[in-house]
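Next up is a structure, given as structure tokens.
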Amino acid sequence: MSAKQVKDTAQEIKEHPMEGLLRMDRMPHIWCSTCGLGTTVTALATAINQLGLDTNKMAVVSGIGCTGRVAGYLKLDSFHTTHGRALPFALGLHISRPDMKVIVFSGDGDLISIGGNHFIHTARRNVDITVICVNNFIYAMTGGQVAPTTPVTAKSSTTPYGCYEHPFNLPRLAASSGATYVARWTALHIRRMTNSFKEAIAKPGFSFVEVIAPCSTLYARLNRLGTGLDLMKFYHDNSVIKHGIEPKDADIDFQSKIVVGKFIDIEKPTYIECLNDANKHVFGDKYKPYGGSDGSY
Amino acid sequence: MKADPRNVLTGANYLDGNHASAEGAIAAGCKFFAGYPITPSTEIAERFARRIPLLGGVFIQMEDELASMNAILGASWGGLKSMTCTSGPGFSLMMENFGLGIMLETPTVLVNVQRGGPSTGLPTLPGQADMMQARWGSHGDYEVIALAPDSPQESFELTIHAFNLSEKYRMPVLVMTDECVGHMTEKVIIPPAEEIELVERKYTDKKPGEAWPYESTNGDIAPMLPVGKGYKFHVTGLTHDYRGYPVINAEAQKLKVKHLVDKINKNVDDIIWIEEKDTDDAEIVMLSYGISSRVMQPAIARARKEGIKVGQIKMVTVWPFAEKRIAELAGKVKSLIMVEMNYGQVFLEMDRIARGRCKTYLAGHAGGTVHKPEDIYQIIKEAAK
Amino acid sequence: MKYWRTPLDIDKLKIPRGELHIIKERCKGCGFCVEYCPKDVLELSDEFNSKGYHPPVAARPENCVNCDLCEMLCPDFAIYCTRVEDEKEVAR
Amino acid sequence: MAVTEIRITGFGGQGVILCGYIIGKAASIFNDQHSTLTQSFGPEARGSACSAQVIISGERVLYPYVTAPDILIAMSKDGYLTHKDKIAEDCIIVYDKDLVKLEKHGPKVKTYGVPATRIAEELGRKIVLNIVMLGFFGAVSEILPREALRKAVETSVPSGTEGLNLKAFDKGFEYGLSLKKETVATA
Amino acid sequence: MSAKQVKDTAQEIKEHPMEGLLRMDRMPHIWCSTCGLGTTVTALATAINQLGLDTNKMAVVSGIGCTGRVAGYLKLDSFHTTHGRALPFALGLHISRPDMKVIVFSGDGDLISIGGNHFIHTARRNVDITVICVNNFIYAMTGGQVAPTTPVTAKSSTTPYGCYEHPFNLPRLAASSGATYVARWTALHIRRMTNSFKEAIAKPGFSFVEVIAPCSTLYARLNRLGTGLDLMKFYHDNSVIKHGIEPKDADIDFQSKIVVGKFIDIEKPTYIECLNDANKHVFGDKYKPYGGSDGSY
Amino acid sequence: MKADPRNVLTGANYLDGNHASAEGAIAAGCKFFAGYPITPSTEIAERFARRIPLLGGVFIQMEDELASMNAILGASWGGLKSMTCTSGPGFSLMMENFGLGIMLETPTVLVNVQRGGPSTGLPTLPGQADMMQARWGSHGDYEVIALAPDSPQESFELTIHAFNLSEKYRMPVLVMTDECVGHMTEKVIIPPAEEIELVERKYTDKKPGEAWPYESTNGDIAPMLPVGKGYKFHVTGLTHDYRGYPVINAEAQKLKVKHLVDKINKNVDDIIWIEEKDTDDAEIVMLSYGISSRVMQPAIARARKEGIKVGQIKMVTVWPFAEKRIAELAGKVKSLIMVEMNYGQVFLEMDRIARGRCKTYLAGHAGGTVHKPEDIYQIIKEAAK
Amino acid sequence: MKYWRTPLDIDKLKIPRGELHIIKERCKGCGFCVEYCPKDVLELSDEFNSKGYHPPVAARPENCVNCDLCEMLCPDFAIYCTRVEDEKEVAR
Amino acid sequence: MAVTEIRITGFGGQGVILCGYIIGKAASIFNDQHSTLTQSFGPEARGSACSAQVIISGERVLYPYVTAPDILIAMSKDGYLTHKDKIAEDCIIVYDKDLVKLEKHGPKVKTYGVPATRIAEELGRKIVLNIVMLGFFGAVSEILPREALRKAVETSVPSGTEGLNLKAFDKGFEYGLSLKKETVATA
């Protein structure tokens, strides 16, 4: 048998294929066992690798949350801002450096609860930012409180007897606000998710990918759903792929089928294109298309 | 570095304080303004919006003040000089992320055109009651720089100065003006570009892989890292170390907070800008800032005419407070009088520093209009007794 | 960066083979890799790492086809697979 | 007069502030004086009372608000009524004849009425009523050179409207001149 | 001829049929000539009168703006809060007094720009509040700045060369967030608007009526659209009634047809119904349905 | 009024400060809690959410802190005792609408469980650096009441006290605790309901049509108007008159701001609650509040054992500051030492009031953990020199 | 509160008639009432009120059918119409 | 001992805090002492190091944190390594045998190992490992009456799990007793 012995020495850390995109000096990360976040990060790193983009010209911005910690682990120019404010920070960064790809990596609470206003407005403006939202149906970082995504009857530390608020359907909200690319996958749809990330990053305009991911420590535990592994399986097995479906038909109920797929992929001028077109129209040749900071300041 | 002549409206202009602020920002090379309208500050945004398209910058009206504050931080890290403006209610909303700017050590400028408060208060009338908020409005320990112009001319000049200080000390700088100055129109002389000195941002000269975003402690100013150049740095609003990585313990906290505080405290002599008049022989020294420092002058003139030895200090920088000089004066004069359009805010600091060595008076005012010179005069008389 | 490869030599069927690398100390024993390996290569070991987790071992390493699924699913960047150069030739 | 205080009063939309701006600019930029323009308007919105205040002086203006104006320009009844009693003893009141009904004033007060709204309407744009008033004010008050005011008008109104506005200014000015002449004649 | 002479004396002020619902001690109001706000207020007052509700048990909450001033003129318990925050204040008020009808009267900037997050979340929760949004396509109170509703190419003081941001479609946003009643009218659709107000107030749940109204002083002037009267006519004449249309087909472009009508009218349990149902389910008879403050404190 | 026995968990409980705060609120009759999670305050919300359904109240997790603050104001006007809790970043976000609560004179309670700042800082570790923000964090002039518990027992008691003060003075009241107290578990003795005295809200006894919402000036407390009873009153965050109608001028501003400030200033003797020990013969008096007032005790004990005459004051109310008593002491003692977990915040007020009549020391700390008693001891030694 | 009424006596056609009340000082001359009166009852007058607006006058009061449109459209609560009791009877 | 300082260390999810809570409650509520429990956990999230600290005293506890624990309960290697050197001279170390490999300690330090995770796994719920540790700690430390600890367990665990937890407690306690006996026997 020519198979070599499995190596398991820590010396080989340097060879992990994602290491170029990860801050190895910060490993191990803080995420729990069977948390879906690490998997989603791998998918993003893979997407970036596969796109072959200049990683010097990419930035990631996060708010606060377990998901928000992504900015601390990805080896790009990376900004860990305040809770809910990743998008406006990213908008400023994007406008100042339109030549860079800006990715916002945010949790469901961060992005849609406290950050909800920025979400709808940045989408409305069709700002060329890629937004990845890890929806674990809960506020994980702070210990398992209800989120605007928590399905009805699901338990959280602030809905100890079961949630009774109607949740958002994030793809629908994104689409209604103006997003030009909208997709949803579970964390186990690893290759499809990676592909969506690639499409979203390549897309000029506001692109949004929701990733349904297990929070083992809080969501799974509070709802007696087993481990994150069970949840990972559960989400995947209970999902149906429906590309191009009307987002409003993609509501998520507790423990019922999760519709996944690419829902929206349309063309619409981005914020900066609109800005340049409008000014060109008004000022003619006097106007030099806006190009942002040349990076030299 | 000199200002770019394309940005400078050299000559005599008839401008209100808000338009003058906008011109100051443009002259300073500001290329990104994210704002949210609020009386009485909006004209700054409006002028910027009108002027910037042909100057290669962007004005964006954000969905709210929280977004505005964050957008200018993002743009500053992206390499553009950035700013916002607001008034009381919006200032309150910006406080959380003003703190982010402090923590990330991000150069940017925030102009607060003060109106009467609290709450919605007096949207169209002046106040100076956000001065302590400027100092203490965000949670946690930190120090600030706050400037107060007394006229459209100074609105122009101090906005430029604010940009310079923000780059020099790598932090958001506050321009605390008010409705009266903001909506007061006067001649503003804008000098030629080559007479406008600008502070350039200092970027690291180390190579990617070798440089970290916070390579200094104890108040020394570390050069920034540029984005998009391969540094792949990380910054966070959490307490962090020189690498920008979060470190959640008391030691890291001490290092970081001390650094933030030292940045100002060690450089007070460079930062503080006060203008003195007749303080040499003064028995009474009047302290004030912004519009109040101007309104007190007729009262002072009247008192001096009557032989009362009144000196005056106009604080161009209100924060950091001119502690050294005021302490010195407190040991020499009979009285110190603070003239401000509030119920006693910067007064508290003056009073503290006086340490009981002289009498202290507050010439306060609830806002809605400036002081009557007569009222100030009466306090001088009282203090002269 | 790895892509699915098309066999160059179609006379011989190259079964892609992988060499597994497990960084035990990073592993949090989630079992994703074990569960989703299409070739059932992995098992969780009995061993504890210093955090108290049982990292996987390659129980059937010869079955590994270098599909990278374990690598992509691992939330802790604790496992990856490299292509083994000396591929086995199989008669058609 | 070392210091001249002027109050212009009317309601939102009448161009009260612009009127003040032009006076201040004429003094400051085209007549080498100091001037400070401040404004007060109703609760943020338009349509309510609004007033502009200009102080012209040989030296830097320190106290920015008018206390007892030497000149009151009244473009609305409300504005007039609000401010009519807070004026200098020898105040000059300049008002729109059709909008403002004068009440009794002290003996030293001089009053000059002009049908500014009507003149503006005749010019086809009611909106230039403020410039008609301004011209009229210039003629009857004589505190600023006509040319300084004209230049200030020219450089302050929206581009493209300079002609109309200068015409409005001149109409008001002429009306003022003839009124002055009359007054002198009858004096 | 038996027609009496027209009376025009101020003494008759007391007889104006709306006076019971207006704070006459605050008239005249601050709104400009040819502003559409007064007309909208009359429609609301008429709706309240026609519904025959106990006006002691109604409250109106506004934020800041020209529209926000409505709270100061309607003679109900009325709260003029801070810019953007009418909805959460109203939510607290409503939950404390579920027996009362709470109406939020808000401008497009107040409600959807700074208040956008509260808008989507209060709609999501289906809180039983009636929201009337006067959309004048601009920030009027502060002097005519761009709003998230300003049509592309329209001028404002902060888009002096024409707006280039994609605007929101408010009915779409409301519907996507969870509103159970959504309608849009122009201010000139006076009887239809009144009728929608009646339906919206009667509706249990989050009901939303958008009123397209002229701002003469700013929007009309900056865009050279004539007077408010011209604009009133313009909006009305350029509108088409399409009841039941998908909200996403009701985008508004500058100077093109405005789709009006009742778009959404669905049944869904309200926040308090959900709360009571959930707790009843968990606690059974131990749970007394939540009834709020009895008003005695 | 006595507490309702159904709300009171009488007996010996083992609770952390946060759970104890929640029990205090419930005992006080709080029926509406609108909150947004934030470490280290969230347990207050969680416990309330768990306990309230069977007690006839509502917990709602709002979309953010701005919404939380407004919701509790709305609910208070609707007739429910209401509260929220947060920590630094959320506190900053609440500041605008805390000001609305002040302006509308709305009773409600806000608990800030302080952590290390600025910005996201140290989410899981203690600080006391939001004390000046509590005093000055919203724009405009106003006064506040801020209480600081030193233990779970006091978290329980002071939360009830905060509700009482909020009703008595018709304003939002702050409980400024910290991560250490919030996450410290100790025995909490909850007394029987009949031993818990509650302040009832005062509603007008005038009839609709005759009553206005702000019928008092100069700090007298006007009764509130109930909603839904035909008063059809109006209130606004704009400066307003006794009718609640906006009046945008300097006179109205003066009346209103003076009233807001007088409410506190005229009642300091009723509001201020400080606990003194060994101050009679003291040469050194230590001032502190919250957890720091507890941590300083071993140092004080050690110093006293060595014969240094150290007295101490625990400030249960930090704001308003116990000016009168401290001024008195400053005239008698050799030194005043402020012990607080920040870079010198309440210290500034102590220092000011000392007026140089005694030496003043700050025993400060950047936060992240409490003081080492040893460090405090060293400062006592220094002060005793 | 007014509703549309059904004629009670169908033998006689009652033409509803209205009496107009204009509160001149409140009027801001917007012209809504003039423009939208279905019976063309109103005209803007030449007169100024104290704010400088031209309030409407009922130029053809006899035509008023008490439809309330002017009342509902008036943004300043400055005009309203009451029903005239002595209605004109018209033979069928 | 007037004051006993105890540190419990492990990682998130192991029930470290609950373990401390039960000890503190046993002392405070069921043994008429004072006790203060504090906790420190990693950067907000689970999965990282976490520790609980209990101070038991006859008087009110003033300084709330442990400085040099008299007892260290170690449920993870990381936790043990982090804290092993900051202990009292005569500290009692109680540790999970399978998770923690002891290093060298001073002569006065007493150490007691228990295969708590394995015992918990045998009981069918790995999650009760903290209660096994607790029982074991109770037996070997002897600072609190067994009954006080049992009552504290009973009133602190989620209702419905009392039986399992008491079983875990007793298992740990018994293991501790027999180990103690052994130690005494070999001593």
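Each chain gets a letter, A, B, C, D, E, F, G and H, in the order it is written, and its residues are counted from 1.
By our rule, contacts are C-beta pairs under 8 Å (C-beta built on N, C-alpha and C of every residue); 3 or more make two chains touch, one makes a residue touch a chain.
Bear in mind the structure is a predicted one, so any value in this text is a computation, not a measurement.
K.L.:
Counting one step per pair of touching chains, how few steps separate chain A from chain G?
P.N.:
The distance in steps between these two chains is 2.
K.L.:
Select, from E-F and E-G, the pair of chains that is joined by more C-beta pairs in contact.
P.N.:
Between E-G and E-F, contacts are more numerous in E-F.
K.L.:
On a C-alpha centroid basis, what's the spacing between chain G and chain H, in Å?
P.N.:
About 87 Å, centre to centre.
K.L.:
Using Cα averages as centroids, what's the distance between chain C and chain F in whole Å?
P.N.:
Each chain reduced to its C-alpha mean, chain C and chain F end up 58 Å apart.
K.L.:
What is the distance, in whole Å, between the centres of chain A and chain F, each centre taken as the mean of its C-alpha atoms?
P.N.:
39
K.L.:
Multi-chain contacts only, two chains or more: what residues does chain F have there?
P.N.:
39, 53, 63-64, 66, 89, 96, 100, 119-120, 123-125, 236-238, 246, 248, 369, in rising order.
K.L.:
What residues in chain H touch two or more of the other chains?
P.N.:
42-44, 47
K.L.:
Among all residues of chain A, which ones touch two or more of the remaining chains?
P.N.:
Counting only residues that touch two or more other chains, chain A contributes 31-33, 35, 64, 80, 82, 84, 113-114, 116-117, 121, 141-142, 148, 161, 275, 279, 282-283.
K.L.:
Contact residues on chain D for chain G in the complex?
P.N.:
It comes out as residues 11, 47, 76-78, 98-99, 117.
K.L.:
Over in the complex, which chain E residues touch chain F? Could you list them?
P.N.:
On the chain E side, the touching residues are 23, 25-26, 55-57, 59, 61, 64, 71-72, 75-82, 84-85, 87-97, 99-100, 117-118, 121, 275, 279, 282-283, 286-288, 290-297.
K.L.:
Quick one: which bits of chain H touch chain F in the complex? Just the residue numbers, please.
P.N.:
21, 24-25, 28-29, 34-44, 61-65
K.L.:
Taking the touch rule as given, give the residues of chain G at its contact with chain D in the complex, in rising order.
P.N.:
Residues of chain G touching chain D: 28, 48, 50-52.
K.L.:
Chain E touches which residues of chain A in the complex?
P.N.:
113-114, 116-117, 120-121, 124-126, 148, 152-153, 161-162, 164-169, 172-173, 175-178, 248, 268, 271, 274-275, 277-279, 281-283
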